[in-house]
Amino acid sequence: MSEDIYREMILDHYRNPRNKGKIEEPDIRINDSNPLCGDEISIDLKVENDVIKDIKFDGRGCAISQASASMLTEMVSNKPLTTIKDLTKDDILENIGLTNLGPARIKCALLSLKVLKLGMVKYYVDKDPSSADEMKDQSKVY
Amino acid sequence: MQALLDVYKIRQDFPILSRKLFDGKNLVYLDNAATTQKPKEVIDAISRYYSEYNANIHRAVYQIAEEATEEYEKTREKIRKFINARHSEEIIFTRNTTESINLVAYAWGGSNVKKGNKIILTEYEHHSNLVPWQVLGRTKGAKLNYLQVDNEGYISLEELDKIISITGEGKTKLITLSEMSNVLGTIFPVKELIKLAHDKKIPVLLDGAQSVPHMPTDVQDTDCDFLAFSAHKMLGPTGVGVLYVKKEILEKMNPFISGGDMIKEVHKENTIFNEIPYKFEGGTPNIADVIGFGAAIDYLNEIGMKNVREHEVKMTEYLMSKLTEIKSIKIYGPKRSEDRGGLVSFNIEGIHPHDCATILNDFGVAIRSGHHCAQVLMEKLDIVASSRASLYIYNTKEEIDILIDALNHARRIFKT
Amino acid sequence: MQALLDVYKIRQDFPILSRKLFDGKNLVYLDNAATTQKPKEVIDAISRYYSEYNANIHRAVYQIAEEATEEYEKTREKIRKFINARHSEEIIFTRNTTESINLVAYAWGGSNVKKGNKIILTEYEHHSNLVPWQVLGRTKGAKLNYLQVDNEGYISLEELDKIISITGEGKTKLITLSEMSNVLGTIFPVKELIKLAHDKKIPVLLDGAQSVPHMPTDVQDTDCDFLAFSAHKMLGPTGVGVLYVKKEILEKMNPFISGGDMIKEVHKENTIFNEIPYKFEGGTPNIADVIGFGAAIDYLNEIGMKNVREHEVKMTEYLMSKLTEIKSIKIYGPKRSEDRGGLVSFNIEGIHPHDCATILNDFGVAIRSGHHCAQVLMEKLDIVASSRASLYIYNTKEEIDILIDALNHARRIFKT
Amino acid sequence: MSEDIYREMILDHYRNPRNKGKIEEPDIRINDSNPLCGDEISIDLKVENDVIKDIKFDGRGCAISQASASMLTEMVSNKPLTTIKDLTKDDILENIGLTNLGPARIKCALLSLKVLKLGMVKYYVDKDPSSADEMKDQSKVY
């Protein structure tokens, strides 16, 4: 039922998103959209010694995609970049407390994770182009 | 033909309408612009085909193959009549509207559109009537010109006239537009536009995906050159589309999908193609569903397309009046109900359409949220998405009331 | 999985097999290479979709749309497994084999085949795997090279090697051939050919219309680059085909049908396409029939493809032995039953195949007569037409006996 | 039933076709095939004062298409060319005694009439190109 989905926490993050905006001269800037609904998320990262020093997101979309992005920035802020690699679909869904979303809405919830993973891949591949093959499937989240 | 349609009687013909959803709720299906539900007459026609006379058509001489061929070709004739085409050879079966339009882009566009040419379309086109032309334009070095759409979805013939003139004589190769916008609901009076185009010898393609299912169609009256539509949006099965092309044009058109059935003679170095319409139906067709579509046409004829339209106008007026009462709602498209088909797009401030649709689902209400495959229009309207409720012959006022209740519930959850 | 299939039990699943024809005769359906009959499991899956969860897929968030999306995508995964593909994204749904091959010709061929290039195919190709390449060749200025077929339908790898060498390095862009001839029944051992081709960096397309329905398929084992087949030839509904493409190739391929669903972002001047496989499925797909195809795959898996093949080998041996007894009959294709699929083409001197088929129809026997969409092969065999009996899992020896009786009756009528 | 179809007359015309062969320097030479089955018929005509002075057919195909062609040549031989215009589908089916053929086999029976009509149209249009439009649909038989 949607009362379970649209709990206070989600609505709060939706209305008062954390870490929303842009970083000037980010180390990573990446964006993607959900072809099914048009939701957009862009993420900027500042990385120092492979640690996420700053993270900001921007975007347009539904409460789930925006709240999930907001919570995700809190999850990874000040964590090693490699944390992103290990983050799974289930981590996100549990973190935002939405473990029984339907398949269409799951993509809303996971869009920001997908963007973040894309950013990480890009970061590593830019640094070391020979890792492209190995990193290829790292941005898959669903 | 009955005077007005009996919606409660009609509902009994649709098995899905008595289905109970996960928590025992009834389905309130308001996503008819995406696809419509099917009456048992259509479902049964498909089952009957498979259970009694399933066979590959056109070539075999045994009994069930002849039965299948006959039923398949009967549907072609039914469609000819339904859209009042002159000849049944002008009716080509495809998978959907999208393939119909691609067929024109590849087969007709491929040899008629050249470098420096223009194709005119509107800003409200569905991606299916936009991307194929973009792709063709890119391949050929031709340009697209978009007719501006105002907030109610109207386009201006003066602007069209101006674009054609500026472009220069003979440069505009095609005007293509949706007879009814799938987002704004605007019904465009195409007859005048087609006359203007024909005066300048420009052919016109109508995307009829939203119009043909909901109102009487007469290709001889509008005089369009191409008309595309989908069975699944008018009680028919998925997997069948129609492309109508005027005979004079069709006879000169290159084939699109080539292979079995569309040939007359094949030699190592060359092939002589079959007669129209078969030239355009390569491979084993979707026989069962074409026959199922025939049953859908019968069903619609039984009701009468004028009655379909009348019912929708009445229902749309009710829907519009109820929606207007909701606080901070924005409704898109024409105000005058005669100018709109049976669909309404809207946004409630502070509630994203996806969230809205998810909450509505709790009430059993199925509406569409998103860009509706019309991102160029979305950009123009400066929104990412909208909610859309779209009606058909089986929808009732009671269902609209449930929609309104659900929307108010969404407002309570989002505290708007 | 049962050891051998129980044909009498299987027959009960096919409603059409208990149909009575015009004069009370049972249907003896021996035109399975054209299209197969459908078990009630498939018919019911389609009805159930329309009666319970018909909705447009991929985009909507309401319950029935999610159910429909899930079932549709489940079929993709079933097919992946059925042909042992690595990734489900390598599976594209089309209308039929013909469209699958055209997709490759347009989307892959369009950007990979250039002037002066060659495409190699065999003389026994079905028009669907011949005409698209002829059309592409003409558009691009590329040439077709036909591998010779001997009377039993064998082709020679040495000849292939020679043609490639003569043509010059890098000139041959594609080898395309049917894994099993729909006229001669020859099953070609493609693995060796594909190895040879890959050694020279030439991709291979397999027309699996006749092979996939009748024997185990493993695309990783054969290592083919493209594989095309049709649902309707393997218990599934009409209107669904499959194109398998290796991921590395698919990811670089241009789209074919463009429009709704296959896009990610559309702007006035450009479009970003969706991920594979969606990029290749423009417009509303044939949802019901894809789901119906899933039920057909389940049914075949239940029987086991090895058992299907075994049954057909046994039945073909019986059919061959009985046919050979008929006076002045000419049988085409391989003598060894391991080299042939479950179909036999033949001609009886003095009786044209059409007349033969018409007479057989009196006995309820449905066979195919004609050129079988393989006119280049017909020219090679120096015949206009042949009769063809083709088998599937529900055919019995008793049915073959009826066929033989009917053929002898035809001989009596024609006094041969 | 096929006994009704394959009566002695049909089989006789099939085995001993009348007017089979070619005419040297014909006034009309025309051929067509049936895309469904590959049957082929070609017809040669000698025309004098708009009267069919000689007619020969050639072809490959089933008993019905070949017998029907043979009978057709007998029907129109020494008749005015305009006779062809008036010949209908039913005339042919009655003449060959096959009024209840299924739709697929009807095309076999009518192939020769179609070819003959095509020939007539070509003849008139060659003579008077301005008649093309008027003659356009004259070759339709089914």
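When the chains are written out, they are named A, B, C and D in that same order, and each has its own residue count from 1.
Criterion: a contact is a pair of C-beta atoms (placed from the backbone, for glycine too) under 8 Å apart; a residue touches a chain by one contact, two chains touch by 3 or more.
All values reported here derive from a predicted model rather than from experimental measurement.
Think of each touching pair as a link: the shortest run of links from chain A to chain D has 2 of them.
In terms of their C-alpha centroids, the spacing between chain A and chain B amounts to 37 Å. Put simply, the C-alpha centre of chain B and that of chain C have 31 angstrom between them. Taking each chain's centre as the mean of its C-alpha atoms, chain A lies 44 Å from chain C. Contact with two or more other chains is made by residues 36-37, 105 of chain A. Among the residues of chain C, those touching two or more other chains are numbered 59-61, 63, 65, 263, 265, 354, 358, 361, 369-370, 375.
Contacting chain pairs (ordered by label): A-B, A-C, B-C, B-D, C-D. Residues of chain B touching chain A in their complex: 352-355, 358-359, 361-362, 369-371, 375, 378, 384-385, 413-415. Per the touch definition, chain D reaches chain C in the complex via residues 1-3, 5-6, 11, 36-40, 60-64, 105, 108. Taken together, the chain A residues at the contact with chain C in this complex read 33, 35-37, 102-105.
On the side of chain B, the complex with chain D involves touching residues 58-61, 63, 65-66, 69-70, 263-265, 274-275, 278. Listed in rising order, the residues of chain C touching chain B in the complex are 15-16, 19, 21-22, 27, 31, 34-35, 37-38, 40, 42-43, 46-47, 50-56, 59-65, 95-99, 101-102, 106, 123, 126-132, 134-135, 144, 146, 230, 232, 237-241, 255-263, 265-271, 282-289, 354, 357-358, 360-361, 365-370, 373, 375-376, 379.
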